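Lettered A, B, C and D in written order, each chain numbered from 1.
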Amino acid sequence: MTKFLSDNAAAVHPAVWDAMRAADHADNPYDGDALSAEMDARFTDLFGRECAALWVATGTAANCLALGTMCAPHGGVVCHEESHIEVDEGGAPGFFLHGAKLIHVLGTGAKLAPDEIARTIDPIRDDVHQVQPHAISITQASEYGRSYSPAELKALAAFAKERRLGLHMDGARFANSAAFLGGSAQDAAQAACGGVDSLAFGFIKNGGMNAEAVILFDPEAANHVRYRRKRAGHLQCKGRYLAAQILGMLEGDVWLTNAAHANAAAQEIALGCGERLMHPVEANELFVRLSASEREALRETGFEFYDWGEDAARFVSAWNTRDEDAVALGKAIAAL
Amino acid sequence: MTKFLSDNAAAVHPAVWDAMRAADHADNPYDGDALSAEMDARFTDLFGRECAALWVATGTAANCLALGTMCAPHGGVVCHEESHIEVDEGGAPGFFLHGAKLIHVLGTGAKLAPDEIARTIDPIRDDVHQVQPHAISITQASEYGRSYSPAELKALAAFAKERRLGLHMDGARFANSAAFLGGSAQDAAQAACGGVDSLAFGFIKNGGMNAEAVILFDPEAANHVRYRRKRAGHLQCKGRYLAAQILGMLEGDVWLTNAAHANAAAQEIALGCGERLMHPVEANELFVRLSASEREALRETGFEFYDWGEDAARFVSAWNTRDEDAVALGKAIAAL
Amino acid sequence: MTKFLSDNAAAVHPAVWDAMRAADHADNPYDGDALSAEMDARFTDLFGRECAALWVATGTAANCLALGTMCAPHGGVVCHEESHIEVDEGGAPGFFLHGAKLIHVLGTGAKLAPDEIARTIDPIRDDVHQVQPHAISITQASEYGRSYSPAELKALAAFAKERRLGLHMDGARFANSAAFLGGSAQDAAQAACGGVDSLAFGFIKNGGMNAEAVILFDPEAANHVRYRRKRAGHLQCKGRYLAAQILGMLEGDVWLTNAAHANAAAQEIALGCGERLMHPVEANELFVRLSASEREALRETGFEFYDWGEDAARFVSAWNTRDEDAVALGKAIAAL
Amino acid sequence: MTKFLSDNAAAVHPAVWDAMRAADHADNPYDGDALSAEMDARFTDLFGRECAALWVATGTAANCLALGTMCAPHGGVVCHEESHIEVDEGGAPGFFLHGAKLIHVLGTGAKLAPDEIARTIDPIRDDVHQVQPHAISITQASEYGRSYSPAELKALAAFAKERRLGLHMDGARFANSAAFLGGSAQDAAQAACGGVDSLAFGFIKNGGMNAEAVILFDPEAANHVRYRRKRAGHLQCKGRYLAAQILGMLEGDVWLTNAAHANAAAQEIALGCGERLMHPVEANELFVRLSASEREALRETGFEFYDWGEDAARFVSAWNTRDEDAVALGKAIAAL
């Protein structure tokens, strides 16, 4: 069986194992160790602007801790109605934000744009009876594998600033967008990040084991997250193993190489999809129109994947997808 | 430098590394993998009664998720005033329990007993103006390295049942108590656990990396925890690496051997402490009366440890404490 | 100026004043007074089935306290996307339910029906990643002044029971629906209530000052609400003045008479609206298609009301709307 | 029977009734009416410094809403271990502050002083494992009927400022302290208030029905409270009746006269208590050493009051306590 179910359960990259092993000696507990202390500098270098970087074990925690710095319990977070925080995090934002509201916006390819956001929030009466927006959350790459361009991010940041809203980026597949946008590690990271206030930088789907980075471009926000991370039971005493995973993937740009590989596999598959593609492939996910019988045929050939509604399927490539498997899948779809 | 600061930052045991490595292949995400699925049966076997077992990354999360099954937001959890959930979890119980109250009780050696609990909760008026106790939380081994005996646990369980209170055990160093109480793995586990409703079974301080087990002896409570674990951002997508750690330590009773080793080291140190000991040593922690100058002298000899107030020090041994270091520390204290 | 803005700021009915005055002597504090103690029996008699009745000062608190008995923090409440709890309570459900989610459903006239609810909740995957529905909240009369018929309520109750969901009724204008459905006080109340599990029975818009009744048909739920009411700062020490308001309106069926009067006024107005009516008038609210210039003309004649979007207006009659004013408004609209 | 149980269930003062009646005409809903709009100016005048004033129905809500402006969910509020917010508000602070912690401090007469607070908070480690104090809450008059002097308040404000802690005053019996400190209404109010950041100014125990004022000396905090008041279900649509109560008691200094009357009654009683008094009488509460048989004897004479532990009783006078009853009680105690 060749799995295209998701990248979220793939094996761990050798560089990550090596980095964890290298951390296997006594050091200070929690985030007092040498590796955790190194993170701020490494990400500041990558993004070319001052930031704080904290490890947590899941993307859900990363998103919610970051959003907690910009949305009060009585406020709201603008997000796409199909965003992961709305649909797939088991109500975690409601928990971490103490009951704050998610305000749903539409948008092609699960992407948000200022005009659509304005269409939703402008009618909100400026009174205490209606929950006021405090922040915007976007997903890079989006839930449909679309990447925001630097121009789109610039427009969103300007809009957020004008409306005095925080701007957060759920970057569970941030690396895939960075690789899609291209350039050196620094260029790619900065292009994919734009001017957001915070970023949940995903490593797990991209070869890590259980470490994501919360990136905060406001130092005061970082202090907030430090207290809330502990309070949420997310401060691990052997945190150095999480820092090691992240630093191990930054070292030698493993994060970018892995993502580029997954993206390339997705493009291979896309070659066979033609008009079946529901969205442009701008990361490592494909949404493909396939009838029930076509999906059955593909599965009998040995491919694993999720149904997407009744007439489509989702395929996800990963850092360790074999080229030949991607090619084979593309051909199999083309042959349907 | 020889570290007796804490067991919470020790290296990871080889058996844990091996088990994690063996899990390094694709499987279902979250807790849908084969290893996670095995946990219930393994712990049911160990404790000799039906239970569900879920992994989480920290003891704080383990305690809070378990307590959430037995205390409503408007209720209270009885705990020792020096308990870890009260003093050292950054307010996590307030977060996970949505504002429930911790009700402080006194007790020698940070242990609770029915009469002391009654002295605190009996005066609580049975009306809506006062927060009513819903649960009791005890720590095995206690914050002062004391272990509850089976008889003490029996009395607490009976009391809890009579008062219709849930009974939770914070077992960050459960293995050390089990080893102290002795016998086969099953005998030791059952003796140390008694009749509690839930247990946060700690593996991290005892050789694990970042996996603790929430043990729930009520199946309905387990379902509650499953939803709340996700909601708290604690459901890892590559959860099999956490299950692997736990199963790796259950296999061949590594958990018990490691704890016994740490306990033995603590006893070695205790030999040199005599009257200086503030508490009987029933696990792997020692609280020793030492003046500032004595502590300084010890540190100059190369020992690392925490001050405990102004006139004492805390020493913690670990699964990988070398015998000769423990002996040396004991002698150094005796020689003061 | 003749106000048809809302019934929520109308004067207080003389019977309510009299009842409050009659309570102006020392009695036990909180809900320990004779009047508060009488409420359960009075509502049990009215609804013909055992219930507990607790006063609170606002409909928002009444709804949220009731919903708190049927929805856990990790669950969701199904409601109309234009329901008051979703749109106009400042995020109160998120606060009282500790972050639980409101699950939006469509429906004509802001009413819910089993098939629409099923269309929304059936696709929710039965896993921990998606918030599961725990309860349904309906509004009687609806936000568009529509009343649920006994048959509709029966279907909803059956659906809720089948899906194991709690069923709550926001009855801010419950009396108006009861009056619309007709019959004796008991017949009308029972017809309008159906088989819901809880009801926020509104008195304030109908002539009260600041007392609503939370009606709980499950005695255990009532105990829950008692603790939560105190915890939310809603247990008034001179609660007898709230009980007095409610009992004063039950006495002699003032509640039904007042509502019938407001409904009749609405029907008078409706006579002049013809095709302009956006919804059948089944309570005391009218939504009327009126251009900006038509609205301006009406206002110049001395009528006050709210715009409803860009091409319509909302008129609300009250217990003290004068007949001649309603007739005049109807005629003025007809004359446009 | 002559009731000295509490002032919290006393009848409503005629001036309050009159003010409510005078508000019995249509006006804007919520706090958009003329009376609510007047509150800021009236309290700014009284306190001699800019403030915002919002009505709520209970002291519990008033305290919690004010504290919410100065304590984050991960912070703590320093309070006396016998303070009302700790002991008698059903866990409301945990609810309104989203799980923040109450940090208990000792102090004679339920009063706090900087040195005692420092003794408690100085040992709190400045790290994420321990809940950091964000605010201090004091009670004027204290839970034992003691009043803070201007000098004591000045010291507390300086301490709070130095430690960057918010300072809140629970003024359920603020008027009684003001009357005790003496002078004109403005002098008394300012003396009793000192330099706190917020005040829950109680009117209910002093002749009101169900309106307290939240006074915020920081305008931004007031905006916070406006949203949170709605979110907590405390924004009444006929809010003018609450504003009326408060303004009715400010008018002609009814609040001060009432409190002075209650205080005088307490002093009358105190005359008979001599050495039995457990605390100086500085407001309208008396704590008196009385054996069980002595209490029984008093009750047989027709006095009602609460036991205070096993060897004492609490007596509370009110705005409408008759002089002769106070005198009689004093004599009855003296005669024991």
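By definition in this document, a residue touches a chain if its C-beta (ideal position, glycine included) is under 8 Å from a C-beta of that chain, and two chains touch if they have at least 3 such contacts.
Model, not experiment: these values are computed from the prediction.
Undergrad: Tell me which chains count as touching both chain A and chain D.
TA: Both-contact set = B, C.
Undergrad: From the centre of chain A, which other chain's Cα mean sits the farthest off?
TA: Looking at centroid distances, D is the chain farthest away.
Undergrad: Suppose each chain is reduced to the average of its Cα coordinates; what separation in Å results between chain B and chain C?
TA: The mean C-alpha positions of chain B and chain C differ by 50 Å.
Undergrad: Just the number, please: Cα centre separation of chain A and chain C in whole Å.
TA: 43
Undergrad: Please compute the C-alpha centroid of chain C, do the same for chain D, then give the distance between them in whole Å.
TA: 34
Undergrad: Could you pull out the residues of chain A that touch at least 2 other chains?
TA: 73-74, 89-91, 94-95, 98, 128-129, 227, 230-231, 235 - these are the residues of chain A that touch more than one other chain.
Undergrad: Of all residues in chain C, which touch chain D in the complex?
TA: It comes out as residues 3, 6, 8-12, 17, 21, 24-29, 33, 56-58, 60-62, 64, 89-92, 94-96, 204-205, 209-210, 227, 230-238, 240-242.
Undergrad: Looking at the complex, which residues from chain C come into contact with chain B?
TA: Per the stated touch rule, the residues are 73-74, 98, 128-129, 132, 226-231, 235.
Undergrad: So in the complex, which bits of chain A are touching chain C?
TA: Going by the criterion above, the answer is residues 73-74, 76, 87-91, 93-95, 97-101, 128-131.
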